[in-house]
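Before anything else, here is the set of structures, which you'll find just below.
Here chain A shows up in two complexes: once beside chain B, once beside chain C.
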Partner chain A sequence: MANTGWDEFEIGAMLRTFEGEISDIATTLQEDRKYTQNSSFSASVADWRIEKPVFNKDYCIDCQFCWIYCPDISIISRDKKMIGIDMDHCKGCGICVEVCPTNPKSLLMFPEVADEEREIENWPAKEKKEK
Partner chain B sequence: MAFDKMELRDTEVWDGNLAAAHALRQCQVDVVSAYPITPSTPIVEGYAKFKSDNYVEGEFIMVESEHAAMSGCIGAAAAGGRVATATSSQGLALMAETLYQASGMRLPIILNIVNRALAAPLNVNGDHSDMYLVRDSGWIQFDAFSPQEAYDLNFIAFKVAEDHEVRTPAVINQDGFMTSHTAQGVKTMDDDTAFNFVGEFKPMNDMLDFEHPVTHGVQTEEDWHFEHKARQHNDMMTIVPQKIDAVFEEFAKLTGRKYNQIEKYDMDDADVAVVCMGTSVETAREVAKEMREKGIKAGVVGIRVFRPFPFMAIAEALKDVKAVAALDRSAPGGTAGALFNEIAGSLFNSDSKIVLSGYIYGLGGRDLTKRHLVDLYTELQANADAGKVLTQQQQFIGVRGPKLAYL
Partner chain C sequence: MSEMKKIKNLKEFSTSADRFEGANLLCPGCAHSIIVREVLNATNDDLVLAASTGCLEVCTAVYPYTSWDASWIHIGFENSSTAVAGAEAMYKALKIKGRLKQPDRNPKFVAFGGDGASYDIGFQWISGCMERNHDMMYIVLDNEVYANTGGQRSSSTPIGSSATTTPSGSVSYGETKNKKDMMSIMAAHNIPYAAQVAPNKWKDMVKKIQKGFATEGAVFINAVSPCTTEWKFDPKDTMHLTDLATDSLVFPLYEVIDGHELNITYRPKEKDIVPVEEYLAAQGRFKHLFKDQYKYLIKEWQERVDANWVYLNRREEARV
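Presenting the complex of A and B:
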């Protein structure tokens, strides 16, 4: 696209999301969709993130709260199982951590530079309920 | 849902507003999103009445401002509908931001502007301040000099703007009150003939085409903005003028009424000419005829298409004229009038030895009388005889107090 001239664009600065015609897109998984280069799905739009969520599947109960609440559709869930985070689109807002109901939480925020494996090894212990 | 057709007489007595409202009805506009303002209100009110009386199948959206009115039009046009609205003056000023969105997004919206002065001081009468305010907004701009033309140009505007090569919104200007509220005989088309001329709306890249999802209203920075603006200008300069000529031709075949990008009256052998817009064109035509009886070869050029500006056609029309006056009906705010500058630009690199003077007139609905124009043509003849502008290049017509002349 870098060398595209003024006469090569479609008029109106209009962008297409998919290559060609689509049908039944709601039941097609993202990895199977033919996104265009212009679709923001094709590009990383996460470069202003300074804190990232880390997912620890040992505590996850697949309640799907994070999937429902994520404002950027960045929680990847397949067959109602949480399998990870789309780090190209996650902005690091922390809502998934906020809504996670497990004890300890299955999602926690860490600085962007943090090492994921080490943080999972040092995951906080279950909090005792105060009586 | 079916709608009723309306029986019209071959000639109806309509003012410019009613003529435009009937045109919107006959084009079967899908969405009118509007906010009322004098003197344009009866256009959208007319459409709303036709809709509630089942003469049109569409949606009327009542909004909270003119900014919202045009925003509603943009949404409806992006969704894939035939869309129109109307406004004037302060309303147009509030709408200005969204006009640039509409043209940049290449949405073929039709806007009837009933020209009115801009405050302050507040004034509801006709001048071209509002027309000039948005002249570089990327919209095609037609100018109607009478109710008949306000009617005809609406059909022409839809057909030009909606063409898939063009896809650029269009304005039809008419003078506030002098055209909008002056009832005259208007030759009509029957509903079928009128609709068939513009045809069914053909959507393009519409958001309701779920098989081809699109994003409208995108952001581009220094990387792509310039390319999109270049494309917009290129199409205005190359595709739009040709399409306008073709549609003018087609309309003439259908109705016998032939429009041109510039309208020339008594210009074949003219020594002196006035270039102007709006109802002033008709006054100037009448005076030019009378001047000829006095031995002054006077002519008139009316600007029918203000954007894209008929740069070459103006130079061609004036090439054998000796003295020309540009009449600007808008306060120039510290420079020559806009029309003066446009005409000067079109003549500057030509071989013409013409002398050009500019006049500011008619602000806030002040009349331009035949007496004013007799004096003006007499002044032009003196310039023509001398081969130079004997006065200063910018003068004011019809203002009380000491004579104003500059440049």
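Presenting the complex of A and C:
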């Protein structure tokens, strides 16, 4: 399927993103959907990243700015709480870090190879406001 | 289903289940998908979508993948508007004939297009859809350049911008023509609703989109979409750039109802208005304007933006 050339598939071809019948996608969360291989949800762009965002939930105030401004649907929010980052689809653009309003930020960019637990341990301290 | 989705605050909004998927191939930091997400999440109704050729189309439908969890049609450069209008006309006809399988569902018809597909190539087709007043929404993702094909100028490219077909250099300051005033042209079709939106003002945007969905008839939306590749800024600064665009009034947020009633929906406080110079300085495509020989253009920019703001305010006041 992945090897089908551009001139080999039928005109008017249809790609189905879900297995079987599905009625209300708008109210079905991603973990409850039955994706097919045709949905880009099944693919990954993780190898685009040079830097990755690391989430420190100790400072998060669940404002959801990162959720709304994430271009890659990679901020996972459930029940009005930010619970983590979808590392398969994050391209490492860094918008979430820029829009994070807490002090210190609850999201920071680190090199892709960085160890998450260690970075969270050494999280920067609160910055004092300059007067 | 036709009841409007209630979105009071961002926390409530964040419980939405996205119908646009990741691992699309848009550049990191692209504003297109932020806009698309805000539009799709504004409703729980079924959607019939199309996208004109452009970044959004080629990046979200790379065979064998698709990033859309709604009916979405892959169509030509010029005719996403008419494809959706056709689907809408068919839906209406089947409804009258009583041949709909699920008559109680209330699908919304939305077409997306870049500024090249809307301001230039699909212009006549959109005009037709607006004139026939189909019950649909057309959304322009306005990044002011043909970003997908390598950054050629479009009729949305503003003065002084360096594009690959209007490069800046010793004899030219880049694009010499002013940006086409698409909003006025579309409003002149006397469509029920036309609005300009920006992704950073999500509440304003969702309100306008929901208003558009509730409106019967053609709706035109113009959304500013900063392009990290062609505007030449760091991917992480997308929202900062959008803030600059709205707060410098280069991209004022307003709506036009029934072609004449203009309302300004975002009015930054006097002290919060940033000089246009700051907006220009944040982007690589305007870098040359800060050379001595072209500096006069920055002043002209500011005057143009001020004049436009005065014009909008007077239109709002006059209610005509």
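What we mean here is this: the second predicted complex is superposed on the first by the 117 of 131 C-alpha atoms of A that agree within 3 Å, B and C clash if a C-alpha of one lies under 4 Å from a C-alpha of the other, contacts with A are read in each partner's own complex, and residues count from 1 in each chain.
In this text, a residue touches a chain if its C-beta (ideal position, glycine included) is under 8 Å from a C-beta of that chain, and two chains touch if they have at least 3 such contacts.
Fair warning: this is a prediction, and the values are worked out from it, not measured in the lab.
When the two complexes are overlaid on their common chain A, residue A:D7 makes contact with chain B while staying clear of chain C. In the superposed model, A:L29 lies in contact with chain C only, and not with chain B.
More residues of chain A are touched by C (comparison of chain B with chain C). Residue contacts after overlaying the shared chain place A:P71 against chain C, while chain B stays out of touching range.
Contacts of A:G92 after superposition on the shared chain: chain C is touched, whereas chain B is not. Residue contacts after overlaying the shared chain place A:E21 against chain B, while chain C stays out of touching range. In the superposition on chain A, A:F41 makes contact with chain C only, while chain B stays out of contact range. In the superposition on the C-alpha atoms of chain A, the part of chain A touched by chain B in one complex and by chain C in the other spans residues 4, 6, 9, 15, 17-18, 25, 38.
Listed in rising order, the residues of chain B touching chain A in the complex are 104-107, 167, 205, 211-216, 218, 220, 224, 226-228, 230-232, 234-235. Chain A meets chain C in the complex at residues 1-2, 4, 6, 9, 15, 17-18, 24-30, 33, 37-45, 48, 62-65, 67-74, 77-80, 82, 86, 88-95, 97-99, 109. Residues 10-26, 28-34, 37-38, 43-46, 60, 62-70, 199-200, 202, 234-240 of chain C touch chain A in their complex. Listed in rising order, the residues of chain A touching chain B in the complex are 4-7, 9-18, 21-23, 25, 38.
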